[in-house]
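Here chain A shows up in two complexes: once beside chain B, once beside chain C.
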Partner chain A sequence: MSAEGILFWVVFLFTASSAALVATTRNILHAAFALGLTFLGVSGIYLFLHADFVAAVQLIVYVGGIVVLIMFGIMFSSHSMESPGEEPRSKFSLMAGGLAALGIFAVLVLLIRALQVPLSDQNSAFDAIYQRTVAVAPGQKGLGHYLLGEYLLPFEVVSILILGALAGAISLIRKETTTE
Partner chain B sequence: MVGFLEWLLSCQQALVKWLNSFHGPETGYVADFVGAIPEGVFVFLAIVIPVLVVGLGIQAVAGISTFVERKVAAKIQLRLGPMECNVGSFVGAFARAFCEKAAKPGASMGARALALVLGPLIPLLDALDKIVTKRVPGLPIFAADGLKLIMKEDIIPAAADNWLFRAAPTIVLASAFAALACLPYSDRFYVADFNIGIFYLAAVTSLEVMGILMAGWASNNKWSLLGGMRSAAQITSYEIPAGLTILTAMIVSGTMSMQGLTVSQLGVDNWQLGWAWNWYAFSNPLMTILVPIYFLAALAECNRTPFDIPEAESELVSGYHTEYSGMRFALFFMAEYAMMFVTSAIAVTIFFGGWSTGIGVLERAMIDGQPTYDSVGQVTAVHFHWWGSLIHLLAFLVKTYLVVLIMIWVRWAVPRFRPDQMMALCWKRLMPIGMVAFLGASAWLLIRGGLTGGSAEKSLQISQATGVLSLFVFLAVLGGIWIWWKKPAQ
Partner chain C sequence: MEQAYLTLADTVAGPSGPDNLFNYLLLGAFLFALGIFCMITRRNAIGVLMGVELILNAAGVNFVAFSRFGNRMGDSPGFDGQIFTLFIVVLAAAEAAVALALVLAVFQNRHSIDVTQADELKW
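Take a look at the complex of A and B:
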């Protein structure tokens, strides 16, 4: 078991246990913080896929932006002040939830096997893209070359989407304060 | 760190050879043992030793920063600051009393053994007092404060959220410390040089917002919650001008790695190796505009006055760290000073040349060999002698600490902002200027590309032309400052 293998298991266990905490904890704010830790772990997993730029972006956007926004939403609403839900977990709901989770897991495993994504670096489809990007320039220079070159249209469409979201947020806020 | 692993392995070989040169059976056994140490141990050491050095170093720096802050505050407020603490008074007195007791006939063996250790320390402590504390009175107060905070009772409010309360200072400190892994302390002595260096720094400094929200909520205290939310809003808002500054630096230099940023400010390709007017703050007008913007954003990210509404002592007691006592509060405190150091280091790297000394003659004297070029013809690394690397380390630390001193100075000179003033400053003034600078840098990149048309000599000529222009601008600014300094009072 190489050092990288051990590290991967540590990161994976951290991510998986945080995700389990998100789903099972009764306190909604604990769930939000555990979500932040999960995103932290996912950023670590991105590093194992040689996607260092995406890992940093994950930290900035998800942990520093989305989780903070979720926490603001929870803290400003009144539900966080109530005590955590007291309803008991029935056996039926536990069994149904467990079966659903197992079912989705089975579907995912079958899908991945059908795509034949091997566990090594020499993967045909993804490796070709990776090699092509690295051939331009290693790291994020290759990423920039393709984002502003071949994939310019999706890039611009995404920026229009973000502009729309920004305009929508501002219009929502204006409606709430100028209700005369 | 570059070459540290190879250096450790070569040390192992050299030790084996030296031990074998004695040709004796005992040294032969030791030599075999040393030679049989697996490489994994050295890989582990090569990773752990720089991390430990940097981690312990920042603790010392943060501690001494608290002392410096108190002395600077005292100077500005026309008083003396901490003067009483000296090493002899708390360690020396304890050692003397203990040795006296242990010298009595009824003392135990353990006490006598400890007295044997403590005894020789006493003249050492007296010498330390004479050399250090008489010159800089009150310096050991940072160690005394640390000891006091460790010994304090750890109070967790009964109604506080137990796990979040404990986890919050850890996250804030972890984000500040994680940023230290990436700083360019020197051209040879650094922990790691990521491809995405500056971007990684922006990423880990955005992690501390989560910790602050945790602290504000988990204290179960309306004022802490208010302080935590204000601080989170402030930090996320000011990440935008800081991020725009970092983006502009990326565009101007063409690389994200911290070492690359520093090397591109050395000016290897336009014969101006190492002179200070090559630094981006002096040679690029857009970056000059961005210096105060980044400085204000850095102050806001560290929750320093004038942006310290979250800790406003006269209003919210202590904001989100009101309920924290003892070592937990010390963790928040250390995180604040570590963040000051980190943001100062970023400012020094992108504006003031990182580890370069700014004296071209010195830099040229320290070069060892040829610079390494990459495929495009740009310089990726310049090699210096080992003593040159040490001088670079000193230069980096001195420059960073000068920026930290300015931050401390500003705290005691300026009153704090109202929250709405702070937000207006960020969104209405700093962000537009940052965007204009970013657009200007991109435009200059395009214009320059059009002028050179891809040829290397034209690019070199443009670099030299802008280099000469920046020299004149630098001298003009210096001359202007001198004239302003000398002009008679009106």
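Take a look at the complex of A and C:
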């Protein structure tokens, strides 16, 4: 097994074990840290998939944004700082959750084994766009051309959506704290 | 031109390590199952949100994996899957912001974010 292969399995196991930590640990702050490690591992997986820009965005937005946001939320919603959010979980919910997770995982693995995805036949419209883009902007630069070319409308809509989400979040908090 | 398919030879019986689609899909499935377990089991509302983020990441890994292996145009990856993952990241950020605002609003009213206790519509 080559060095790249070994490194891939290291990142794979790191991601899987961090995600397992998120699901099983009782302390909510430990779970938030483990979530950050999971996102870090997923970013490494994106690098193995030749998706450099997506890996960078994953680090910036998920690890540097969402995990920090979650930790702020935990800090503001815990009663004491010594034991943030220790929670005993009922046996019934653990069994039900374990059963559901195992069942979904089994179904997904069976589906993956029965995979029959038709590949591009080098004649469709998607391929024409790809060839045109790669001729102009090789490598990961083509992603920028896609984002501002074919996917311009979702790009702009998502910008408006983020603006609306931020305004909505602020208004949610403001209503509860203003005193008449 | 006849249609080519991704089959078992490309997944389970294919090459090992980072060149095999099956490993990435397996990771996606594992993250998804753990996210489901998180959403069902956690009592803290922010813990449920963490399960949602795990599920979204699993979907993103699947998208990028198919963008790498599902496009048979030489050695280069296609970009459609990566674009989808970018939008997933953006939407997850917006959704996490709104969800945390909700959690904090509930906490300010009830002084508890235990989802098993938030079971009445009007209090």
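We take it that the second predicted complex is superposed on the first by the 127 of 180 C-alpha atoms of A that agree within 3 Å, B and C clash if a C-alpha of one lies under 4 Å from a C-alpha of the other, contacts with A are read in each partner's own complex, and residues count from 1 in each chain.
By our rule, a contact is a pair of C-beta atoms (placed from the backbone, for glycine too) under 8 Å apart; a residue touches a chain by one contact, two chains touch by 3 or more.
Computed from a predicted structure; not experimentally measured.
In the superposition on chain A, A:64 contacts chain B only, with no contact to chain C. By the touch criterion defined above, A:30 lies against chain B but remains apart from chain C after alignment on the C-alpha atoms of chain A.
In the superposition on chain A, A:50 makes contact with chain C only, while chain B stays out of contact range.
Between chain B and chain C, C touches the greater number of residues of chain A. In the superposed model, A:75 makes contact with chain B only, not with chain C.
Contact with neither chain B nor chain C is seen for A:156 once the two complexes are overlaid on the shared chain.
Within chain A, the residues touched by chain B in the first complex and by chain C in the second are 53, 57, 65, 72. Across the complex, chain B meets chain A through its residues 40, 43, 161, 163-164, 167, 194-196, 199-200, 202-204, 206-207, 209-210, 213-214, 217, 225, 229, 232, 236, 239, 256.
Those residues of chain A lying in contact with chain C across their complex are 1-2, 4-5, 8-9, 12, 15-16, 19-20, 22-23, 28, 31-32, 35, 38-39, 42, 45-46, 48-51, 53-54, 57-58, 61-62, 65-66, 69-70, 72-74, 76-77, 79, 85, 87, 89, 93-94, 96-98, 100-102, 104-105, 108-109, 112-113, 115-123, 126-127, 130-131, 133-134, 142-143, 146-147, 151, 154, 158, 161-162, 165-166, 168-170, 172-173, 175-177. On the side of chain A, the complex with chain B involves touching residues 3, 27, 29-30, 33, 36, 40, 52-53, 55-57, 59-60, 63-65, 67-68, 71-72, 75, 138-140.
Residues 1-8, 10-12, 16-18, 21-38, 40-44, 46-47, 49-51, 53-54, 57, 60-61, 64-68, 70-73, 76-80, 82-83, 85-87, 89-98, 100-105, 107-109, 111, 113-114 of chain C touch chain A in their complex.
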